[in-house]
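Every chain is named by a letter (A, B and C) in the order it is written, and numbering of its residues begins at 1.
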Amino acid sequence: MQEESLLQMRHIMKRFPGVLALNNVDFTLRKGEIHALMGENGAGKSTLIKILTGVYQMDGGEIKVEGENVTIRSPQDAQKGGISTVYQEITLCPNLTVAENMFIGRDEKLWVRNKEREKKADEILTSLGIPARARQQLGDCSLAVQQMVAIARAVDMKCKVLILDEPTSSLDDKEVNMLFDLMRDLKSKGVGIIFVTHFLEQVYAVCDRITVLRNGELVGEYLVEDLPQVQLVAKMIGKELDELSSMGEGVEKKTVNNEVFYEAKGLSSSDALSFDFSIRKGEVNGFTGLLGSGRSESVRAIFGADKVNSGEVKVNGQQVKITKPIDAMKHGIGYLAEDRKRDGIIADLSVRENIILALQVLNGVFKPISRSEQEAFADEYIKALNIKTASRETPIGSLSGGNQQKVILARWLLTHPDYLILDEPTRGIDVGTKLEIQKLVLKLAEEGVSVTFISSEVEEMLRTCSRLIVMRDRHIVGELKGADLNQAQVMKTIAGGESGHE
Amino acid sequence: MSKKAAKKGFTAGLGQLTIPLVAIAILVIFNLIRDPSFFSIEIKHNIDGNSVLAGNLITVINGASELAILAMGMTLVTAACGGQDISVGAAAAIAGSVFVKVLKSGASINAGTVILAFLLACIVAMIFGAFNGTLVAVFNIQPMIATLILYTCGRSIAYWINGGATPTVDSGIVKAIGGFIPGVPIPTPVIIVVVMAIIFKLLFHFTSLELLTQSVGINGSAARLNGINPTFIKLLSFIILGVCVSVAGCIGVGRLGLINHETLLLDVEMDTILAVAIGGNNLGGGKFKILGSIIGAYVIQTLTITLYAMNVSSTDVKAYKAIVIILLVVIGSPVVKKKFEKFMAGRASKKAASEAKGA
Amino acid sequence: MKKRFNVLLLAAILVLSFALSACSSSSSDNKSTEATKGTEATKSTEAPKPADKLIKVGVVNNPPSESGYREANVKDMEAVFSKDNGYELKTAYSLKNDEQLQAAQGFITDGVEYLLISAAETTGWDEVLKKAKEAGIKVYLFDRMIDVSEDLYEAAVVSDMAKEGDTAVQWLLDQKLDEYNVIHIQGAMGSDAQIGRTGALDKQFESGKMNKVVQQTATWDEAEAKKIVETVINSGKDFNVIYAENDGMAKGAVAALDEAGIKHGVGEKVIVMGFDCNKWALRELLAQKWNYDGQCSPFQAQIISDIIQGKKTVTDKKIINEEKGFDAKTLTQADIDTYGLGE
């Protein structure tokens, strides 16, 4: 077993400010194997790849190639070590020929013999069965062929480990099959391939093994035949978070009022397809589905975060128009965005300013909240949500992820919303804070606030939501209530009918 | 508790102002060593028989007025848009031309016509500001590129308005704007700077513009999701700069009683941007301190006057200015700041360690 | 879709703004082409009178927006070569040499009889002037010389900047002051005007007849000139002459004097000298507040017109335009009306 292992990563640690991106992750790649690296966004797979290719430096752990320790400080190191990467976007030059693209930046000599180079390129292309000629302009080839040329370049650079990062996302079925043929061909030549993709079917079509990461931790390594699609989904979104399952049992979450607070018919936006949705006062519901299923896009449409195209919206039974965030805020809706860094925090501003921001906007430009009021609000919520910060004047950017999230929560709570949309409020934050946020959601619901809760962790949603809306391919494919609210049913609905691998 | 916090806030604010304050202190000390009487202020009687203050200090403070006023508006644009308006000089020439044009079209010049002329100049400058702002806020063009258009053609526009090379206005009131109000020994431009600074202070006190502008500048996407309209905030910053531009333009006209569309506030845009940078404001937008930019303006002016006083030929002045400014900007850069902080932290921990050993 | 719309709108704005910026030259172009159109129209309606044929003149010049000098120059050209005087005038204004060359080429094709040129640059004109000669077109240079052989043009009516400086400095020497302590404010370094106006004074500094209190360039900027003089006043140095290389800078200098309460003008302590003879500056002279204003004459049109009409014969191809220098003591309102630039 040990002889055939090509690449070994052991106890890999990587810390980013406030987040442990990789915690003690192991990964093994064997000769002549196609190995899928799976995980939801933020699971740590891109961090792992970037460590392997020298973009990031690891904080701990070791990497062995063919049994020998290697240090990878830069992409050049990785290349010398026989590790090549082909990215989703083509990183070659479309206005050069195929041959030039294959050799550019590699010829140590100044003197280049074109003829020789082209002959060699043609040989490689033929041997790999790539339908391209050396003298062709790369830009004239199809995307799939361009990708293959990139692979050919990597192969010719004596690569032992080939990383394919989402190579199929811009290819059609035929092209994908061409690519798969090439991958199988390389595999038979003894190259180890790490395959990163979001398409589950492709994993089962071409891979031998699957390694699943979640929250920066290794979930496990499995042979494809041992891990049916539904189980893979389960591993990716995490049902093994047992330490949390005890929580929430005591809290009665089904206290649902019958009054509808918000109702939308045929709501669609630039990013979300038309859908119907309603929520009652004091109800906690959830949108679930894999990444890219349209769950975030749908709730953004409710808040008017993207350009709203159509839809009839009623708040408290009154027909209203919500086309931009301020409209939604004026109707008592708050939205905690999925990407905290990009859409949530104002990094350079203090905790105080971040907390009062939404309320200030709601009050209008000409009614500034006085400094003393601001301080009182900030202190109140720092205490109430147990936000760990040096002072209320500390820039929010220097807080840990969990505390940043609490500040954003405080920001919305301060506006006393009737309806709060929380998109991934618990991503990338520690377990303790996750618990606090879940408890807070249930407490809000008890006070009559409607909450929409989105999380990649199904367990979390099962604990907090009384109704789950399941999405796949940007459509609502199911709504689960009562007895149906269990892990198996959710997995089944997410994976859909075509989960024939069981 | 609150007192302690307030003090903390004050020192935090000082952090940004440290460099411009130190720079101005160094310049002052340098000048005092060079010529102890450099900053002596005397009372002179000007041609109209008024007692007025005179001396290098007054020259510096007075001469920096337009720059300081422009720097205030530029700070706001920088904060909101993460870029700078390079057309302020050209726009000031337009505003000044409108000011003169209106004054000259009337039969006589009195306080009423001057106010009217100023208001019209303001409106025109605000319209041009809105034009720049639209390109930046609506079409997402880099501010420097967007304002390049007005930078290129602004002085030609001023030329058409003038209809001639250098129209002059002979009026006591206009002269008073750029010089001295009879009976007041302080130069009027200095008074205008103080008034403008107070207006900004009040603006930030009675509105939440400061917070909104900073939010837009730091994270436009998050600001939008908090109900702020970034387009409007950016546009507004350019319009406010327009007001500053027209004030500066009118002072420029008042100083000499003439408008020269080619030379009025020539190259002032670069000095303005530098004033903002020296003031410790991030040229990439976000948090800002208008006071910093004002001090920055005085740093630049002190430097210029110092060099003049040292008889440095004015062709060389620019080179010397460039050297000093590079120093200031590099010292204020995040890289150096971080290194410095690290160094200080290292020293502090070493000190702590040695103390611990000693104990 | 929306994106495309934005792009279109942006393009429209850009085009519009460039059109605006280009207007300074095109507006005057329009005028001149309209003028030619007008003459063509009259020609067609009054076709039976070919004997009264207008003389076709093409003028390649810098745009009037360049300076007050240029504005006066352009106005003078348009006034002298008017229809009333028997000319059909075509004009092209540009600051760029290649655009000027193109315009000259165009005039040659149009079949003008005379080509008048004030070139943006001194080089690159050989080819075009040779073509003009082949076509039998007579070329006159005005205001600026070109680096070509003399037989390619009929005459060059130009200013002698050095002479202009000499005239001014000679006037200053004639004042017979006990001591000359001069603040010398220069124009943009390297420009013809600056070199000419500085040279004469530099000779005096070298010979020791005059003392240089300060010599600095304000690059034609009034405000800068004011700063320079303020600094001198603040330093307490003594001076009794301000020699500013244009009117604007003289005005800036005077503003600094006024603020410090220093008397200037005829019979006062400080002598103020300027150049360009703007009307407003001459009025300062008339009010005895300034002492001297020199001029580099922008009026070459009449001389060229006289040559064309045979009223004047060319002896030397380089004709130095008469330069004026006005003394406040002798200046009259009539002088202001005739020679003053601007309004």
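Basically, a contact is a pair of C-beta atoms (placed from the backbone, for glycine too) under 8 Å apart; a residue touches a chain by one contact, two chains touch by 3 or more.
Everything numeric in this text was worked out from a predicted model, so none of it was measured.
Q: Need the central chain here, defined by C-alpha centroid distance to the all-chain C-alpha centroid.
A: B
Q: From the centre of chain B, which other chain's Cα mean sits the farthest off?
A: Most remote chain from chain B, centroid-wise, comes out as A.
Q: Tell me which of B-C and A-B has more C-beta pairs in contact.
A: If we tally the C-beta pairs in contact for B-C and A-B, the bigger total goes to B-C.
Q: Using mean C-alpha positions as chain centres, tell me how far chain A is from chain C in Å, no decimals.
A: Each chain reduced to its C-alpha mean, chain A and chain C end up 69 Å apart.
Q: Distance between chain B and chain C based on Cα centroids, please, to the nearest Å.
A: 35
Q: Could you please state the distance in Å, as a whole number, between where the Cα atoms of chain A are centred and where those of chain B are centred?
A: 45
Q: Which positions of chain B touch chain A when the two form their complex?
A: Residue list for chain B touching chain A: 2, 5, 8-9, 12, 205-209, 211-212, 214-215, 218-219, 221-229, 286-287.
Q: List the residues on chain B that touch chain C in their complex, please.
A: 44-48, 52, 54-56, 59, 63, 135, 139, 141, 149-150, 152-153, 156-157, 159-160, 164-168, 179-180, 252, 255-258, 260, 262-266, 304-305, 308-309, 311, 313-315
Q: Looking at the complex, which residues from chain A come into contact with chain B?
A: These residues of chain A touch chain B: 303, 305, 324-326, 329, 335, 337, 342-349, 353, 356-358, 360-369, 375, 391-393, 411.
Q: How about chain C: which of its residues touch chain B in the complex?
A: Spelled out, the residues of chain C in touch with chain B are 6, 9-10, 13-14, 17-18, 20-21, 23-24, 27, 65, 67-69, 71, 189, 214-224, 226-228, 230-231, 233-235, 247-248, 251-252, 255, 257-261, 263, 278, 280, 341-343.
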